[in-house]
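Following this line, the structures themselves.
Two complexes are shown next, each including chain A; its partner changes from chain B in the first to chain C in the second.
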Partner chain A sequence: MTAYFARRLLLIVPTFIGITLMVFTITRMVPGGPLERMMSKMQQMDQSSNVGKSTNNNSNKSSALSEDQQEQLKIYYGLDRPIYISYFIWLKKVVTFDLGTSTRYNEPVWEIIKSKFHVSLTYGLLVLVISYLVSIPMGIYKALKHSSIFDNISSAFIFIGYSIPNYVIGIGLIVIFAANLDLFPMGGFASENFSDLTMFEKFADIVWHAFLPVTSYLAASFAGMTFLMKNTMMDNLSADYVRTAMAKGLSFRKAVVGHALRNSLIPIATSFGNSISVLVMGSFLVETVFNIDGFGLLGYESVVERDYPVVLGVLVISSLLFLIGNILSDICVALVDPRVQFSE
Partner chain B sequence: MIKFKINPLTQKKIKRFRTIKRGYYSFLLLSLILGLSLFGELMVNSRALIVSYNGKLYFPTYGAIITGKTFGLEYGYETNYRELRDKFKSSSSSDWLVMPIVPWNPYENDLKEGAFPPLPPDSSVGHFLGTDTTGRDILARLFYGFRIAILFSFLLVAVNYSVGISIGSAMGYIGGKFDLFFQRLIEIWSNVPFLYIIIIISSIITPSFFSLIFIMLMFGWMFMTWQLRTSTYKEKAREYVLAAKSLGASDARIIFKHIIPNTISVIVTFVPFSVASGIAALTSLDYLGFGLPAPTPSWGELLKQGTANLNAPWIVSSVVVSMILVLMMITFIGEAVREAFDPKKYTTYE
Partner chain C sequence: MEKILEVKNLSTAFATDSDLITVLDGVSFDLIKGKTLGIVGESGCGKSVTSLSIMRLLPRPAGRITGGEVLYRGTDLTKISLGEMHKIRGNKIAMIFQEPMTALNPVQKIGDQLGESFRLHFPNMNDDEVRAQSLNMLESVGISDIRRRLREYPHQLSGGIRQRVMIAIALACKPDILIADEPTTALDVTIQAQILKLIKDLQKENGMSVMFITHDLGVIAEICDDVVVMYTGHVVEKGSVNDIFENPKHPYTKGLLESIPRLEHPRKTKLKIIEGMVPDLLNLPSGCRFGNRCPYIVDECKQKVPVLEKVLDAHYSKCLKHASFMKENV
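Up next, the complex of A and B:
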């Protein structure tokens, strides 16, 4: 088993290189990179300063920068070398935890990413804990009371959460609870006067702001997990070993808790590793809707603004989390299910 | 003549599907809406259905535009049928015309003097759900937005599944190095953040309906490929494949005549969910402004307008409600299809 996981860990390397190389190549090949942005900015400034003057430099109008300056900028952004060489330079820096400098903020990418972590992590943890705490008991209860009134009504609600994208739920919640009823803020992570508040008020403020976004995150993750729990529980309840347990005189409660429940938790454990990447990444659509300055929004904005060092930095973190999360899932499964043998 | 014969097993599945009421009625209702939307020009349009002028009948809905001169108006551009109707009403002639239920098309701006859009719902002028920020009728845009989104989604599912089924069954059937190569490719490919790429691409080219399908195919084929690979592997190991092989059937025959028909239940159960996620994906792209170019009617664009104008709640509420209804119906259908193809008989103890 150790050999299996060692191999899986080693396989992260080629996959990681594949992902980053592909995005790196795309960012280098498309127009509108940092150099073009800089040039168009310069051109605008040049034109606005030339207003009123008769411009006689029509031939030179296409670029406000001289050839020399362009070359310097290319070297500054590392655009003077072929793609594969600059990729390896970039990769070498990544290995030493240097993700480069943002072209938009002129700050180290690592610092920018770090400053967003706490926001996404707060929401991620809240969502993770609440969804496990609620959906596991709920799934069990729904399985035991299959096709009861409670089961049918809750299924209808869960279906809404399952079929609607979570940011649309977020928009719906904003319309009802923030715009009309005025119960919750429209968005943001904390109030503007956050630093003046006492410890307790700070906590309450964050919870108050978090309520709607966390609900819309929950709606999606919660639906999937409750159904998973319910369906596996029902499969196990009708399995032969539960019937055997009942037949030998075990009470129903003992048969459920001692036998069916333990086996039903295995698929839930599978999903645990994957929630790690969701935990940190969040969903930028939800973050856009609620105007939360988190990790997802950072990635989205940097793509739109062509801030490629940040794009690649976000990609490094997210793909590593995802790849490690997959392995963690397998480890979880191996831990809860002794039948699983990974060595072939 | 192609023989169209439903085998008894499929008949049984269809029968089971019809007993699941929630899914079956959703299916009927959604088919009805889809069918109506294909002839949407007859219900939501600025052109009249029938015009009777000087004893002659005109049907302007389909075909070339009929200029105002035809109906005795001064202008040489397309007739404004709403004004024509008012004119007919005020004059005592025997001319008449029938307008569609919603007398607006999704592109025209209804700008009134002294009022600034968005305007709240007003059934007297035919804006049953109000107008958007540029004075376009919301019901018309919702209706045509639905048609575009669902047709987009159907086409996307078709191409995704064709590619997925071909590569997936090849992976499962050929196995070995071929399988290993695609496995790695899929692993890398599915980790590439697809939204980033689409945003980067669509900022260079303005995506059209078909180029957007192509871009989304590039990042959507993996799911079905993976499913088909697994089920082909399973089917390949069964005796009937061995039997076919020993009878001398070619690989192509085994794949197309034996394996794929046996994996069809896997494929079918995923279709409704893929359609739903196709609609959701197009809507989110439009919401972000990277989807179909303006002024294409789209739910995402309405959603964006609605969230930017919360003081005009009729925009956001109509699009959110219709999204919930449509996606829920599709999910109900999906659930019923899954249940019909793979019935689970549960035991419960008392």
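Up next, the complex of A and C:
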């Protein structure tokens, strides 16, 4: 078992290099980048200084920066070297926890990412805890009351929630609960006067702001988990060993709790490890709708703005979490299912 | 001859979306104390449903008992409360199932699954006593290396050992009745013989009664005292094992016996079969239910529904023509 996990941990290294090398190469190949952005900025400045003299603004289209300046900028951003050399320089810095400097904000990438963590972590944790706390008992109850009125009605709601994209639900919630009923804020992570509040008020303020966005995140994650739980529970309820347990003299209730339940949790455990990456991966659409300054929005904006150090920084964090999450899932499954053994 | 279990006119039905299908239709038989009763018939004839009805373990909510009585020592099991039924299950009437591969909980140790029976029916036992009794049971069903087995999970055991564990669980509380629902079907022939011998030996030791459900007439001949032959939810013939094998009085029983391959037949002899298919329970033929497959059918069989008639002593047949039905070379 230990050998297996040691091997899995070592495998992270080549996988991580593969992922980052691919994205790194793509950032070099696609048009646009810090140099082009700088040039267009110069051009705009050029144009605005040329206002009035509308004669020859087409002629100096590419000459906002001289060849010499362009070369200097290339050296500044490290674009003068071949891809593999720049990649190794970047990788070497990543190993020492230096993710580089944002070309847009001129701030260290790590600082920018850190400033978004608390937002994404709050929502991630809330969504994670609520969806497990609600989906598992609800799945079990729906399995026990299969085809009852409760089962059918809740299924209908879950499917509606699942089929509508979560940012559309978000917009709907804002229109109804924030704009019309004025029960919740339109968006944001906390109130303006957050720092003046007491500990309890701070907590209440965050929950109040989080209610609508968390609801729209949950709408989608409920469906998968609840139905996974319900279906595996139903499979296990009709399993032979539950009948054996009842033939021993156990009541149905005890047979469910003592035998069917643990078996039904195995598939849920399979996905548990990956939820650590859910913690930092907000949906940028939901974050946009609710004006939340989180991880999803940062990733999206850095791609649009060709802020490659940030793009790669976000990729480093999310791919590492994903890879570690996979191993955690394996550990979870090995813990709940004695049939799983990771030895030769 | 004390009757420990009397099944009287038992009927069981399953609800589908549109219909209520009667799967057991007036089944009656007795289980004698210390004896072995075999229930035989082809797939879907209601053998397993009979055992599940007795245990009240029918799949819910579809299955339900619609009539009749199951008297255990004079108490009607179909009428008592669920709480009382829980005290009988596993304690007085125990059951083993066909598929040892899935009948044990895959994520629980053998020791826990076996110990559960003791803890349930003898709540005063402490952990050491439960452990001692569990080891005792595993030893009595012929398992070696018992201390290690207690800590193992079902997937670490072979099919034969798992069925032995199932028997150990069933017999843990020394039940009066053991219902064995095709316990050897999923096992290979050598293991089958071992398991049958084990059940017989343990029966001698405990003096329990065994209800043995199978479609294998060879198994019936080997271990049963009395036989009930079932077809489409009816008992079509019942009697002692000698009556049934030497002097079958129902064409279905005769057909079953004739379709056993025999060593004395020359090689490549075509195996005799019962022609036709089991009728759909929703679309039964009028008159005798075996009518569409019976080689001896006469017009009377299509109009009159036969009843279980006494042939001789304890030998009964549900055939209108059983009197004229002569023993041929079986």
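Following the convention adopted for this analysis, the second predicted complex is superposed on the first by the 331 of 344 C-alpha atoms of A that agree within 3 Å, B and C clash if a C-alpha of one lies under 4 Å from a C-alpha of the other, contacts with A are read in each partner's own complex, and residues count from 1 in each chain.
Note that contacts are C-beta pairs under 8 Å (C-beta built on N, C-alpha and C of every residue); 3 or more make two chains touch, one makes a residue touch a chain.
All values reported here derive from a predicted model rather than from experimental measurement.
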Worksheet item: Now for A:Leu9: first (chain B), second (chain C), both, or neither, which partner does it touch?
Response: neither
Worksheet, complete the sentence: Per residue count on chain A, the busier partner among chain B and chain C is B
Fill in: Partner chain(s) touched by A:Ile164 [first = chain B, second = chain C, both, neither]
first
Item to complete: Classify the contacts of A:Ser238 with the two partner chains as first (chain B alone), second (chain C alone), both, or neither.
Response: both
Discussion item. So in the superposed three-chain picture, is A:Asn180 touching just chain B, just chain C, both, or none of them (first/second/both/neither)?
Written reply: first
Worksheet item: Looking at the overlay, what does A:Val304 touch: chain B (first), chain C (second), both, or neither?
Response: first
Worksheet item: Thinking of the overlay built on chain A, is A:Gly249 touched by chain B (first), by chain C (second), by both, or by neither?
Response: second
Worksheet item: Of the two partner chains, chain B (first) and chain C (second), which one does A:Arg262 touch, if any: first, second, both, or neither?
Response: second
Discussion item. Just to be sure I read the superposition right, which of the two partners does A:Ala204 touch: chain B = first, chain C = second, or both, or neither?
Written reply: neither
Discussion item. Just checking: does A:Arg339 make contact with chain B only, chain C only, both, or neither of them? Give me first, second, both or neither.
Written reply: second
Worksheet, complete the sentence: chain A residues where the chain B and chain C footprints coincide 238, 243, 246
Practice prompt. Enumerate the contact residues on chain B facing chain A in the complex.
Written response: 184, 187-188, 191-193, 195-197, 199-201, 203-204, 276, 280, 283-284, 287-288, 303, 306-307, 310-311, 313, 316-317, 320, 323-324, 327-328, 330-332, 335, 344-349
Response to the item:
So, in the complex, the side of chain A touching chain B is made of residues 14-15, 18-19, 22-23, 26-27, 30-32, 144, 146, 159-160, 162-165, 167-168, 171-172, 174-175, 179-180, 234-235, 237-238, 243, 246, 252, 255, 285, 288-289, 299-300, 303-304, 311, 315, 318-319, 322-323
Discussion item. For the complex, give me every residue of chain A touching chain C.
Written reply: 238-241, 243-251, 258-259, 262-263, 266, 336-339
Worksheet item: In the complex formed with chain A, which residues of chain C make contact?
Response: 55, 57, 59, 82, 86-91, 94-95, 97, 99, 102-108, 116-117, 120-121, 153, 155, 166, 169-170
